[in-house]
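So, here come the structures, one by one.
In the two complexes that follow, chain A is the common piece, with chain B as its partner first and chain C second.
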Partner chain A sequence: MKLLTANFVQCTVKACGSSPDCFPLHFDQQSPDIPLELAHEDVDYSPEFIYNILPRIEWTALLTTARELGNAQLPEKKPEIENPHAPENEQLLKDLHTLLLETQVIQGSMRCANCGHIYFIRDSIPNFLLPGHLVQ
Partner chain B sequence: MFPTPSTTKLDRERVYEPAEDSFLFLDLLQEELPFLQTRFVTANSPAPLVVELGLGSGIVTTFFHKNILPDALFIGTDINPYACHISKETSKENGNTRYFDVLRTNLWDGLRPGLVDILLFNPPYVPDVVLPSIENAVKTDDWLDFALLGGPDGMQVTSVVLDRLAEILNPVRGVAYILFCRRNRPFEVAKSMRNRGWVVDMVDERKAGWEVLSVWKFTKS
Partner chain C sequence: MPEYLILLAQKHESFRKTELEALAELEQVPVDLSGHDVNTPLLYVTLDSEEDARRLIRRSILVRSIFEVWGRGNPLERLHEDVKRRTSHLWPRYKDVSFKFDVISYRGSRTKEEQREIIESFSFLDFEGPIRMRNPEEVFTIIEEYNAASVPINDPRVLKDICFGRFIRDGQRDIIDKYDLKKRKYIGTTSFDAELALISSNIGLAAPGKLVYDPFAGTGSFLVAASHFGAMAFGSDIDGRQIRGTPNSNIVTNYNQYNVKSQFLDTFVCDFTHNPIRPSFRLDVIICDPPYGVREGLKVLGSRNTERYADRLPTRLENGDLSHLQLDYIPPKKPYHFDALLDDLLFFAADHLVDNGRLCCWMPTANEDYGERDIPMHPNLKLISNCVQEFNKWSRRLLTYSRRPRDCPSLDPIAKSNRAYKEQFRDKYFRGFSRPKGDVAFDDWEEKSL
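Up next, the complex of A and B:
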């Protein structure tokens, strides 16, 4: 699972849908059975591609996810970039490229801060199927 | 005519093999290229998020990132664990894309609401008395029926998607493409969706053996 995906998903337990705590899911507590494993996977770099993703990103949630996965380098506020090809933006866009697209969560778990439900990631695929008693 | 992606890694015992319905979907996406480009490839518009429900072999999403909107973001979902893995392989085998992830889930459970710009769904549309159950699939490790069977009128799963469409689609530019067979009564479905404020168009239909398949487009404007 690419790190960017953490910005698109939330707890799927129905009662959590209206809670602000259902997003983002948290990587801060990992299960010893499936220890967190990250990997780097090369993706072709395109400054425009990152530039076009930026408006979609919930920045505060991304900061949380990145910190929990060990990256505290992001600016506190979402950068406002006008020209993706300007030299002064290159480092930031490259860093975001590495973080969002090339960082893979191979395995681990994500926790809902509202209900505590744990979603496991195995072979890079997060599982959002709920156990029977939580399905409404 | 764009080439059909290859799916050499596919295990046909475990994941639905691309068939007439899949190919119809590919042809129609091709016809929709001008519409999709006008709607989504404009200056200063954020990258569109394409979500395919029950993506199976991954052939449709792969075709989309190869030929239709290469710079979009892609998420696929499937309840079948084998489909989750093989669809990523299919994407890689055909050149990969910058952003594609697969969630193992029912429909779009787990995705935040309102994010989807383009929803693709080739549903389990075949009428059958029973609907497959997860409990049973877990026991037998046989997930194929989820790709096929849609309850008595073949609409059980599609109805859920249509009822909740407004929740998942981007309210301004969202568009959904959904496949029907004639026994699903698509013209009646279209009428009832129009009554609920949707703009509904049949993109195309085609005879496939004794079935007549059609793909329909749903937007709010």
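Up next, the complex of A and C:
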């Protein structure tokens, strides 16, 4: 799972939907059965895509996720970009590209801060299915 | 304005105009397509420039080629006159280029000798460049159209119209073969026909810079198709086995096979009625073929036995461990009504699509009792097209909706659909679409959770 995806998924328990704590899911507590594993994988750089997706990013949540995964380099405020092809924006867009699309959680777990439910990620694929007692 | 001839594939006729309209919108090419006729593969249009002609069809799956029209007329002498009248000022430009001639006959045929005679009748163009059968700089094409067969069928067909055109470019029919399921490494029982998946991606306006989602991704047929056109794609499915595949054969290996790996975002396992995508997150396109229960059971999370989890307590194994924390835990699922799933899908699309973003959704219908009211509707989604692929007793339709801009909301109240869920498609399918005996009894469906 890439960090972009982590920025748009929340707890799927219906009762958590109204809680501000259901997003983002947290990487701060990992199960010993599936230790957290990150990887970098090259993705062709597309300034167009990063520019289009940036307004949809929840920046505070991205800061939290990045911090929990060991990256504290992000600016506190979401950068504003007017022209994705301007040379002065290139480095910033490339950094965002690396963070959002090239950083992968290969395995680990994500925790809902509201209900405490744990979602596992294996082979880069998160599983959002719920056990019977959490389905309404 | 210059006239162009679009030569269409004689396949999926009901999708051709919709695909061209979508491409015209995507490429911002102004064009009037009202001349489209499902009975002929020839479509004459006027376009601002050759550049527009190239852009209009460069992604098309259902366009074979586009030609700059140099003249039209029947018989041949009238065509010659029209070519002289329209294009004599252009001839010097092509005087020395390498070229060849082609003859295409629709609903008719010509022998090699006849073709040569027709081609030689254009010697007045006075082209002096080399004739090259391979990779010529220009291809001039004579396109004949004959009238439909009359009775008796053996009558020689009557020539209706002849067009002389300069070839501009082909569409992308060549990639249908590249994406053919027979050559794809990872497929499953629900993998979707490559040609129609590519057409769906065109109609959905999948393009570079955009984010495409398939909530019933299965083996990822729509994901690779959308990514072929440069979109970033992600998908989910309740069936983790299909999403995961095997270590050497899965959705990611398909992406590698087609060399579009950089357009793959992610896949995850989820139940659509418990979707993890946060409500504020916007998508550009949703393309899907929802499960209608023939090749795969239509199930969602939950238990058939409503009492089973009434205490809201997790299940424990005999040793006291929580079952759902086991790596091999399989959550309970229950059947769901296809119409309810479609209503859920429309609500989801209305919430998540960007303004003017598109939902392309396939839906099966039984030919015996299809009616307009079977098409699911949502006040914030405008139905753009309803393309149909017919089989013997049933059809499948590609329904395309556009998200109405949020600053001009619909006047209709947004309420849960109150349409009565009828007999499911799968039940009709398995009874062979025969008339049901007496009243069909089917389960009472619980109130949907939206």
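The criterion applied here is as follows: the second predicted complex is superposed on the first by the 136 of 136 C-alpha atoms of A that agree within 3 Å, B and C clash if a C-alpha of one lies under 4 Å from a C-alpha of the other, contacts with A are read in each partner's own complex, and residues count from 1 in each chain.
FYI, a residue touches a chain if its C-beta (ideal position, glycine included) is under 8 Å from a C-beta of that chain, and two chains touch if they have at least 3 such contacts.
Computed from a prediction, not measured in an experiment: that's the story for all the values here.
K.L.:
A:Leu96 in the overlay: touching chain B, chain C, both, or neither? Say first, second, both or neither.
P.N.:
A:Leu96 contacts neither chain B nor chain C.
K.L.:
For A:His133 in the superposed arrangement: first (chain B), second (chain C), both or neither?
P.N.:
second
K.L.:
Look at A:Asp33 in the shared chain and tell me whether it touches chain B only, chain C only, both, or neither; answer first, second, both or neither.
P.N.:
So A:Asp33 only meets chain C here.
K.L.:
Under the stated touch criterion, which partner chain does A:Leu3 make contact with: chain B (first), chain C (second), both, or neither?
P.N.:
neither
K.L.:
Chain A residues in contact: does chain B have more, or chain C?
P.N.:
The partner with more contacted residues on chain A is C.
K.L.:
Touch check for A:Ile118: first (chain B), second (chain C), both, or neither?
P.N.:
The second partner, chain C, only.
K.L.:
Go through the superposed model and pick first if A:Leu69 touches only chain B, second if only chain C, both, or neither.
P.N.:
So A:Leu69 meets neither chain B nor chain C here.
K.L.:
Under the contact rule defined above, give the chain A residues that sit at the interface with chain B and also at the interface with chain C.
P.N.:
On chain A, the residues that contact chain B in one structure and chain C in the other are 1-2, 4-5, 8-10, 12, 23, 43-44, 46, 48-49, 52-53, 56, 101, 123-130, 132.
K.L.:
Touching residues of chain A toward chain C in the complex: what are they?
P.N.:
The touching residues are 1-2, 4-5, 8-14, 17, 23, 31, 33-34, 43-44, 46, 48-49, 51-53, 56, 58, 101, 118, 120, 122-133, 135-136.
K.L.:
Quick check on the complex: what are the chain A residues that touch chain B?
P.N.:
Listed in rising order, the residues of chain A that touch chain B are 1-2, 4-5, 8-10, 12, 23, 43-44, 46, 48-49, 52-56, 101, 119, 123-130, 132.
K.L.:
Within their complex, state which residues of chain B touch chain A.
P.N.:
On the chain B side, the touching residues are 45-47, 49, 71, 73, 75, 79, 81, 84-85, 88, 98-99, 101-106, 109-112, 115, 134-135.
K.L.:
So in the complex, which bits of chain C are touching chain A?
P.N.:
208-211, 232, 234, 236, 238, 240, 243-244, 261-262, 265-271, 274-282, 284, 301-303, 308-309, 311-315, 323-325, 327, 329, 331-332, 449
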